[in-house]
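Two complexes are shown next, each including subunit A; its partner changes from subunit B in the first to subunit C in the second.
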Partner chain A sequence: MHNILSIAKGVLKELARRKDLYLIFALLLIILLYSASLSFGGESNFQRYFKEIGISFTYIFSVIIAITFASRQVPQEVETRSIYHILARPVSRLEFIIGKFLGVFFVSAASFSLFYAVYVISLVLRKDFSTPPVLFVQGYILHLFLLSFFTSLTIFFSLFLSAASNAVISLILYFGTNWFGATFPAYVYLPHPELFDIRDKIIHSWDAVPGWAISFLALYAAIYTLFFLLSSYAVFRSRDL
Partner chain B sequence: MTIMKRYILTILIILFYAVTIPLNTALKSSRLEESKEPDIIQNMFGGMRSFVADWAFMKAEEYHHRGLPFVESLSYHHGQSTLMEEAHGPEEEEHHHAEGEVKNDLFSRIYRSVKVTEDSHLAPSEDKEVLPWFYTEVLFNPHDIRGYVLGGYWLEMMGRYEESVKFLKNGQKNNPDSAQICVSLGGSYYRNKNIEEAVSYLERARALWLKGAPPNVVSNDYMVTDRLMTYDLLGYIYETRGQYEKALEVYTEYERFGLPSTMDEKIIKLKNLMNAVK
Partner chain C sequence: MSAVLKIEDLTVAYRQGLNKEKVAIDGISFEIDKGKIMGLLGPNGAGKTTLIKTIMGLITAKSGRSILFGNPFTTAAKRQVGYMPEIANFYWFFTPKEILSMLGSLSGLSRKDITERSGIVLDKVGLSGEENQLVKSFSKGMAERLNLAQAILHDPQLMILDEPFSGLDPLGRIHMRNILSSLKKEGKTILLSSHELSEAELVSDDICVMKNGKLLKCGPLAKILEGRADRSLENYFLQMIGG
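Our next item is the complex of A and B:
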């Protein structure tokens, strides 16, 4: 456990060192301020439009952070040869994979929490209380499941692909499943990360998601995360480093 | 060799998705009523602007249905866009039924729990929420006549007459040969008692319909309705002004389009009236 946490801490330190988060956060603030000031046809204060822009960018930016961080973890360690130092210590390859996963998940979850808090505060400042608070909580929890799904998937891909192509493919998968989810051929046999996205319910102030569905989706995310991590381990173990 | 294999695999995956996404969008777009770009290849690769404009229209429809995705809302409305229907006449309540049975498998139940799957409409007080998408639609594709017609209708419905006319005039500037925009402007002026302007725009629309050149090649029910409205309203205005000859000319001209004429009754009535006046 100590080894796993040490590796995860290394990823967290990378977040502080790199400027990605600050840049994305500033961009989010600019987008929120800009969309709050928009007017069309002499009308302003569009609740749903603002909610949509805000939550979409909050989701997208946190996924970008998760995918870009996850995609470069393993290739970077191999390229800089620091992986030899790590594995020379009593660190198993499974611990290495789990440590990297936990680190990236914490990084993306922390970024998402910050973005989401700003988004919710901006709605409060606009006196927009149209969405039931429980939906915001559910939207937050389900997106954490999604981050866990994509972090593990991207780590798995990173064992085969370069960081850039991995990031592109993972992002295409994210946008593709979100936009076209159940319209893909043979969709029932494919993973459905779009089920973690309840933004339409939040934007249009629908009723809350039932508890059984949240529990099922938690299990769904856990199974896929575990599957991708174990697959990553199986591939990584057979690698001749 | 292994690196080569990886690159080939990567390229294949990217190609697969790169083809799937526009193809899927094109398939969805092809279900839209208006065939402003009948060539599917042009629809797929003719520029991202048109793609974003179509997406904005779908968002407007989605907002109108309180988050119900565009494609799903079509199944509730017999493949019709309700925004287009409303702008071209009252919506029929009997359309509010989804086609097909409600599935009860696990995936469908989860899907119904996390996504909007019920058909309902915005409350009248929330109608303005749709507006940003019409502006986005025409911003990305200034030749999207549907965006101007719907946006103009929506603004007028909200009581923003001046904004509506401004929006439609902007549409006319970008699409000077659009009969549909001219009819919308004519109708808008007529409803606001500016009869001279209304006649001017309706006459322009009449000439454009008669010419039948793009973008006025009538290809769907909404265009048929717009063309009928041009002749109907123009003839009616002439009639109320006592310009019976002109009104008769307008009504008779409509018969050229070879449709089962709805003008016959009006023509007979008008002829009787003219005889009585004589």
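Our next item is the complex of A and C:
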């Protein structure tokens, strides 16, 4: 565990020093502020519109962070050969993969938490209390599950694809299944990120998700995360560097 | 004298196409005794780096094995080994202090030991006072010195250095030579690869000459040069590789 956390800490530190994260955060802030300044279609319509825009960008931006950062972790280390310094130490390749996963997951989860807090605070400032707080909590938890399994999936793809093509394919998978649902090619066989998306419930203040469904989704995400991490290790363990 | 590292019949082959294989390392065996510096010599493409990477577990061997202090060279055994890769690439957004802290932690050093050893090794490689600069501002020579610092950080008994003189200016080479001599005086064992014959000759006790993945000759440098009228490693090397 010590090695895994050291590697994860390295990822956190590196990503925190890059400008990408701050640019995305600034962009989200601009979008939220701009949306908040608009007013049309009556107050209730506008509130719904603001809720939708805000949460959509919060979800999308955190997924973009998870995918773009996860897609370049392993290929970048191998390409620059900085991986040699790590694997020349008593560190197994499984620890390396899990450390990278945890690092990216922490970064994307922390960014999402920040985005989500800004979003919820902006709703409070607009005096919009129409959505039950439990839905916000559920939306937050479910999206963390999604970030976990999408990070592991992107790390798995990164063992075969370049960072750019991996990011594109992972994003297509996310948006494709989310937007096109069952009409998306091979839908049945793909992981389903849309199951974790309760945007409509939050926007329209519908009923909360039952506890059993949350438990099922936690298990679903855990199984997928584990599957992709172990598959990554199976591919990476005997790869010549 | 006891062998620190023993390589037994190591073979590495790469797949080429569907049914073809290219043998990169062909049944190599040798051993290094404690406190010795062994120079692995050979022209470009001889297989020196492949051999070193295989010993370090970065490349999977088709057959053969590496034995460290009488035990199989496992992941856990890497605690006793310091490795300096040929190309010094680090996380460019880190400072030397942060890099050594992370790598020291991965080597199993305590926080106190990391602080203490970082100071010692940075001083040894001449990077004292630079520990808080971002590595991206480093020259190639400074990066190479940091590369050596991380290899000796955890005070390993065996050091495996891939082309340690490569890319260094004359002053840097002298400095590197002095560091290697001082490590030898501390009783450390060193395996280094080089195509810089003059440098290897100055620091090595034993040499191994490689060509096309095969070991042509291995033995004490003094003994190898003993019977030669010119006593020139360069001429011996040229004769061995058929240059």
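Note that the second predicted complex is superposed on the first by the 229 of 241 C-alpha atoms of A that agree within 3 Å, B and C clash if a C-alpha of one lies under 4 Å from a C-alpha of the other, contacts with A are read in each partner's own complex, and residues count from 1 in each chain.
The working rule: contacts are C-beta pairs under 8 Å (C-beta built on N, C-alpha and C of every residue); 3 or more make two chains touch, one makes a residue touch a chain.
All values reported here derive from a predicted model rather than from experimental measurement.
Enquirer: Can A:223 be said to touch subunit B (first), subunit C (second), both, or neither?
Expert: A:223 sits against neither subunit B nor subunit C.
Enquirer: Looking at subunit A, does subunit B or subunit C touch a larger number of its residues?
Expert: Higher number of touched subunit A residues: B.
Enquirer: For A:23, select first, second, both or neither according to whether it touches subunit B, subunit C, the two together, or no partner.
Expert: Neither partner.
Enquirer: With the two structures laid over each other on chain A, which partner does A:125 touch: subunit B (first), subunit C (second), both, or neither?
Expert: A:125 contacts neither subunit B nor subunit C.
Enquirer: Based on the superposed arrangement, let me know which partner A:3 touches: subunit B (first), subunit C (second), both, or neither?
Expert: second
Enquirer: Applying the document's definition of touch, where does A:240 land relative to subunit B and subunit C: first, second, both, or neither?
Expert: second
Enquirer: When the two structures are overlaid on chain A, which partner does A:82 contact: first (subunit B), second (subunit C), both, or neither?
Expert: The second partner, subunit C, only.
Enquirer: For subunit A, give the residues common to its interface with subunit B and its interface with subunit C.
Expert: After superposing on chain A, no subunit A residue contacts both subunit B and subunit C.
Enquirer: Spell out the part of subunit C that touches subunit A in their complex, as residue ranges.
Expert: Contact set of subunit C toward subunit A: 14, 53, 56-60, 75-79, 81-83, 85, 87, 89-91, 93-94, 98-99, 102-103, 105-108, 150.
Enquirer: Along subunit A, where are the residues that touch subunit B in the complex?
Expert: 38, 40-43, 46-49, 142, 160-162, 165, 168-169, 172-173, 175-176, 179-180, 182-184, 188, 192, 195-198, 200-201, 203-204, 206, 209-210, 213, 216-217
Enquirer: In the complex of these two chains, what residues of subunit A are touching subunit C?
Expert: 2-3, 6-7, 9-10, 13-14, 17-18, 80-82, 84-92, 238, 240-241
Enquirer: Contact residues on subunit B for subunit A in the complex?
Expert: That would be residues 6, 9-10, 13-14, 17-18, 20-21, 24, 62-63, 66-67, 69, 71, 107, 109-111, 113-116, 126, 128-129, 131-132, 134-135, 151, 155, 158, 160, 163-164, 167 of subunit B.
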